[in-house]
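Presented sequentially are two complexes of chain A, the first with chain B as partner and the second with chain C.
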Partner chain A sequence: MRTKEKISARQFTILVILYTIGTPILIIPAALASIAKQDGWIASALGLLIGLALTKLYVSVGRLPGQRPLFATIEHVLGKWLGKVVIAALVFFCLVTASEVLFYVGNFMTTQIMQSTPVQAFNIMFALVVVMAIYMGIETLARSAELLFPVFVLLIVILALFVTPQIHIERLQPVMETSMKSLVWATMYYTSVFSMTSFLLLSVFPSDIDQPQAAVKGFYQGITIAGIALLLIIVLCITVLGPDMTARQTYPSYALAKKINVGHFLQRIEIVMAIMWFITIFYRLCFYFYGAVLGLQQLFNLKEYRPVVLPLGMLFVALSLVVHPNVMHSSEYEENAWVPFIATFCFFLPLVLLGVHAIRKKK
Partner chain B sequence: MKEKKEKQPQTSSQNLKEQALKEKSIMASLPDNLELIRQQLGNSSDIVIRQVGLPGEIAWAVVYTDGLADKQLVSEFILESAMLHDRVKEESKHDPASISPQLLASNVLAIGETKEISNFGQLFTSLLSGESVVLVDGHAAAITAGTRGWRDRGISETLTETVVRGPKEAFTETLRTNTAMIRRKIKDPNLWLETRQIGRVTGTEVSVMFIKGIAEDKVVEEVRIRLERIDIDGILESGYIEELIQDETYTPFPTIYNSERPDVVAAELLEGKIAILVDGTPMVLIVPALFVSFLHSAEDYYHRFDISTLIRILRYIGVFIALFGPSLYVAITTYHQEMIPTQLLYSLAAQREGIPFPAFIEAIMMEVAFEILREAGLRMPRSIGPAVSIVGTLVIGQAAVEAGIISAAMVIVVSTTAIASFVFPSYSLANTMRMLRFPLMGLAATFGLYGIIIGTFAIVLHVSSLRSFGVPYMGPFAPLIISDQKDAIFRMPHWAQVTRPKLMNRNNKRRQQKPASAKPKP
Partner chain C sequence: MARKAIWLFVLLLILTPLLSGCWNRRELNDLAIVAAVGIDTVKGKYLVTVQVVDPGEVASRRGSIGLSPVTTYHETGDTVFEAIRKMTTVTPRKLYFSHLRIFVIGEELARKGMGEVLDLMSRDQEGRTDFYIVVAKDTTAQQVLNILTPIEKIPASKLYASLEVSAKSWAPTVAVQLDELITNIVSPGIQATLTGIMIDGDPEMGSKRKNIETPETPTHIQYKGIAIFREDKLVGWMNEEESKGFSNITDRLHSTVVETTCPKGGKLAIEVIRSKAAIKAKVKNGQPEAEVVMYTEANVADVECKVKLTTSQTLYEIEKAAEAVMQKHAERAVLKAQKMKCDVFGFGDAVHRAAPGYWRGNKEHWDEQFSKMKIRFNVDVKIRRIGTIGESFLNDLKE
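Let's look at the complex of A and B:
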């Protein structure tokens, strides 16, 4: 019999990095540039600091006595009935958000690269590998992350190096031109996509990690490295494309990669650069999906989560096709519904968990 | 872990009879014994039964298999010593009963290796593996004498794993020669050898070799358990064993390493791995196997470390090309033309102008043609080799391009891929790349680079889930082990390789003492 799967602290750090960079690497520069213009990078830097503070919150939820995985903690702290209701809601959140990310993959492929292929094909293909990954378990997922991480690092370094000739640093000026209000809003939005989502990492932290102490350090390290990588991408987008161009693009990083031109020979390699965000999106998707799967397992007290993986995977493909009828709907959703939606689950829920735990302990 | 059904109880009467015969003890009467042997072996003409003794004297017999036993040994050191031995002559006149098989073994037979046996199962096993059996009338026991000596191929140069620098010898088909070749390299009492017979009909000898104290006891135990589980009629090559004991059957990746070089086996034993030698084949299995070991050649350790490292990196590039070469070409020319520099794009387009097929069909045609050529090259009689290769090069290389069926660029891509798949020191990994190339080409033709990326994710996930005898297959990359990187992509100088690979060894880690002083001073 296989013993319980454990991952190492280093593997966890790599997963944190890839997961946190996730979708934001592709879309966040546009959102920040449209809200805060050339000051978008300030929002990103502030977001990193807030992200570290949030990480502290999540770590303390993860290290509640017993060190249970996320869904067991919820049920333990909130009691059986309320716990189940919250878990059901969280499963819904995970599934919808996962479908939304998958929608982005399909949308990116059909609008930018292969216009005449039906979007269903892309979504099914991507969902298949996600289902495969979750089916094989967290240990395999962590090992594959170790194999793909060097590829990611190589690509981001190539991207950063090859666009440097086209940097116009004056595009960052004037600094702090935008109003305080839009800067705060930009920071909030950035936080919602960048660091709040790492709450879902509690499904493996710290219960599935063999050195929980080192994993705490790894959590902070991972968030910091991911934050710096995103900051780099945002600064590059603004300085190379300019804030207006960045804001107008749906996928500014892709537009950034199109700018690569080395001696009129190495050019238009944006599809190779796209591998970079396929890797990060893959891990983000895996964790959303894993969250939904584990939530269902806890909800119905299943011994083994694998039987629900395939049905849930089908559901998730179907959902990705209907979650946003078009891009306008998605940007509307991102602007108005997303921040309160995620804040409910990934900001207020941990606070409630900590609060209820403190009150119950006093009694 | 593999689950296997309990052994089926042997119910058929045939099996019962065989079982009874195996356990039947040797009778006291010599004629009865010889009759039983004759009857059981169907009077086979290669079984020689030599009876000795005049009427009234002590009667005894030597039984051996012609061709497996060394006739000179039998006649000089069994027949001659016993027939001319003074005491035997003397005693057989006075007290024939005092000449026991034990006495023969201890005082008379001038043979190094003797063993006393008591039942027919052992008797037949010894007899049919080349030993001589000595039976004495009036005694319910027999002596086997080690007279094995048959014709074999002799040690020759390795054909599949050639090196420029380093030993050239390769294993042979005889198990004993092979174990001796390893012993010659490792003269340590801790080099242990466990032999068992596997195969109900063939009774093939299978030896497990490991260095006690370096190899993990748990892995050795696991190998024993898995070999014990095998219940098959015949083992003709180590491939049988490989398929019966590997962790995962449904994978294109080899999870057991094989080699025909004694120096490779010795090096792996020193790293704590376990060798499984099978009689009748020069291919020795080594477990646990890591993905990286399939890309390591014995020569890497004999050349200077700098060139070895560079050549290893070259091999990884070879893996990349062998796996992705044609699929990248198909994806880029079909979907991502913008990536190709304009000048090259013009010339590619001009080449492809007259070609009636899409790039994918072209690639599949070429790949299949190449695979056919390759297979034909292996199977055809040696004497018609040149004819086939001329037809192959002319038809596929030139005529196909001139006839406008295939573009010249495709020929370049396919041949580069083909050559790249020969840079692996291990043939089994080349097969893996061969198999995975085709699905990747299909993905590239339908989804372009996106398909290749998805396919790569699937491959990466699959290899990450593999284990070989409990050891993660992609180690030391996933899980990442920094100290083992000294001998993975890089090959550090020998003085820097102080410890054994961590994945394999938990108790005996050190290779050399005092690492600081081991570094040569200028």
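Let's look at the complex of A and C:
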């Protein structure tokens, strides 16, 4: 039996940033621009504030007495039987969402870059890295994040810097034109992909962190930095591509990177830019998958989670190939099912946990 | 130890597939690089013409054998995509569109509506959006792509370069890329515009290598006029003066020549070196109004009359005259657009930004509103320098 793995608060902050930027960096500008037009960035700014409030909720769940990891907390608070049922449901959620993200990766590659390569090739290769990372453990994952974080920062700075000459600020005008209804819906959607997902970070917070106190601060910091990075990307998409083009693109950030052209010399580097979201998507994928793995461990009271990693990894690749029959199914799912689906697990579940805990304490 | 070796072997075995590189890679010698695409309409079908670079003729280190540096293929089809794929029956290699420079639309197709053909270019993953789109004026796209050009061996490169250069230093052309075109077509507050391209001379002659053997090419292709679109249909052309006014109002002007008359007759040309224009709109008593503010810095470039240049008073007079000329161009452009009820300048977008409430109620019939809209101009020309000499020697000539 290995000793308990621990990560530092700094590593945790970096993980929060990369995990939270995750998939939204690639797709969220299109969703926001199609709902709220040029006001999409307002939704993202509001989403950041809501994200910080949600973080407070998650931190208080994480710091319930005993400071157990997420799945142990669920079982402890809800009791053995109800707890197991909820854990099983959460495992299902994690696995389906992980497959969904993997579907995105494959879909992005086959749509934009290598059209006639079978999507299985991408999914298997990407999943292999994820499975390997989880098998190696959270410490390895955190260290790799420390290594890749500077790469990510460099790429996002290059992207932002090189498209600035093409910014048309007037494309943000008129401000606040969208109806309240669509702004609220845009904010809700943004919250669902940006901040609600950080509930799953409780699988490492605070139990696996060596300085839990500093990690709380890191949690807020990470969410803030990620929120600002996404806000930047959204504003750039709207001001450079225009709200109409942003909404029309499947992958607006990729279209944005295509716009880079410095003196007819530094151009066509979008594929280098794509490394940026491969990094962030990787960490998002890892945590979804890790959630599923840890959930199974708790469900069956296993001593080690490693034996389930490989079988679950295979399941996860297979699922990613069947989870959406086509792209439009995926966007309809995003539009209709996703928000209630994630809100159940990442908004109502923490509230229930806190509520039940409070009631039981009184007795 | 042996176990470790076996595992290492297995690992290496797994890694071998990665060595073969990309799955659907295509080497340079499998590609036919398309430099230009032209689309016309013939009997309800699309006629697609592609200009493919012949690498052996372009890379001239060993001297070319006198073949045409490019080859064109054409094919008809019910959809553009069908026509392009059908072309593989004549092309030796599969066409590769990532290096597309210019996209020519035949005038007839432009008049019927070009929306359908643009979708493919933005949907296909090989297509990038950094090529320019132009309209073949009074001719077909096929003929335009068949003309050989000197200096730039690949006609598509010549088209690309001269559009970029002329948009920068002459002004009555607009360099429009796909993103902008699609945005303008769908946006209710602005209509699309494209530069026209004409064949000057005999098209038959222009397609022969002979065309570029003499210093003066008998047939050449030239940008002329700006096409006005209503949604995706061409409705009219702006002439050179109107086009200049158009570039100026839409803040596309970098540098151009403005010709004015001297106080005592004769011509004088100034070179615009910097120009900034902004449309300011507002709604007054329920009616939209706009003011176009143009600020231009210029130098005296060419004096062809007797004038005493070395007093600031003269320069102020020239400024006034230049302002009048620029305003006249701008007014003509607006007049033309208003007559056609096509808001190509984006006054609608300006109104949208200034008065969203008014816009919501009026965007459906904005064309109508635009045609009656009051537009004022505020032109400010500042002449800074007069070149490397002072007074013109013309003043010392005795008639």
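Some notes on this structure:
Definition applied: the second predicted complex is superposed on the first by the 361 of 363 C-alpha atoms of A that agree within 3 Å, B and C clash if a C-alpha of one lies under 4 Å from a C-alpha of the other, contacts with A are read in each partner's own complex, and residues count from 1 in each chain.
Please note the rule applied: contacts are C-beta pairs under 8 Å (C-beta built on N, C-alpha and C of every residue); 3 or more make two chains touch, one makes a residue touch a chain.
Since the model is a prediction, treat every value here as computed from it, not as a measurement.
In the superposed model, A:Leu310 makes contact with neither chain B nor chain C. Chain A is touched at more residues by one of its partners, and among chain B and chain C that partner is B. Of the two partner chains placed by superposition, A:Leu161 touches none, neither chain B nor chain C.
Once the two complexes are overlaid on the shared chain, A:Asn261 sits against chain C while remaining clear of chain B. By the document's definition of touching, of the two partners only chain C reaches A:Gly242; chain B does not. Once chain A of one complex is fitted onto chain A of the other, the partner contacts of A:Ala121 extend to both chain B and chain C.
In the overlay built on the shared chain, the residue A:Ile113 is in contact with chain B and with chain C. Residues 113-114, 117, 121, 267-268 of chain A lie in contact with chain B in one complex and with chain C in the other.
Those residues of chain A that touch chain B in the complex are listed here as 1-2, 8, 10-11, 109, 113-114, 117, 121-122, 125-126, 128-129, 132-133, 136-137, 140-144, 146-148, 264-265, 267-269, 271-272, 274-275, 278, 282. For chain B in complex with chain A, the touching residues are 1, 335-336, 338-339, 341, 446-451, 453-454, 457-458, 460-461, 463-465, 472, 474, 477-480.
Listed in rising order, the residues of chain A touching chain C in the complex are 111-118, 121, 170, 173-174, 177, 241-242, 244-245, 248, 255, 258, 261, 267-268. Residues 22-24, 122, 125, 128-130, 179, 182-183, 186-187, 352-354, 356 of chain C touch chain A in their complex.
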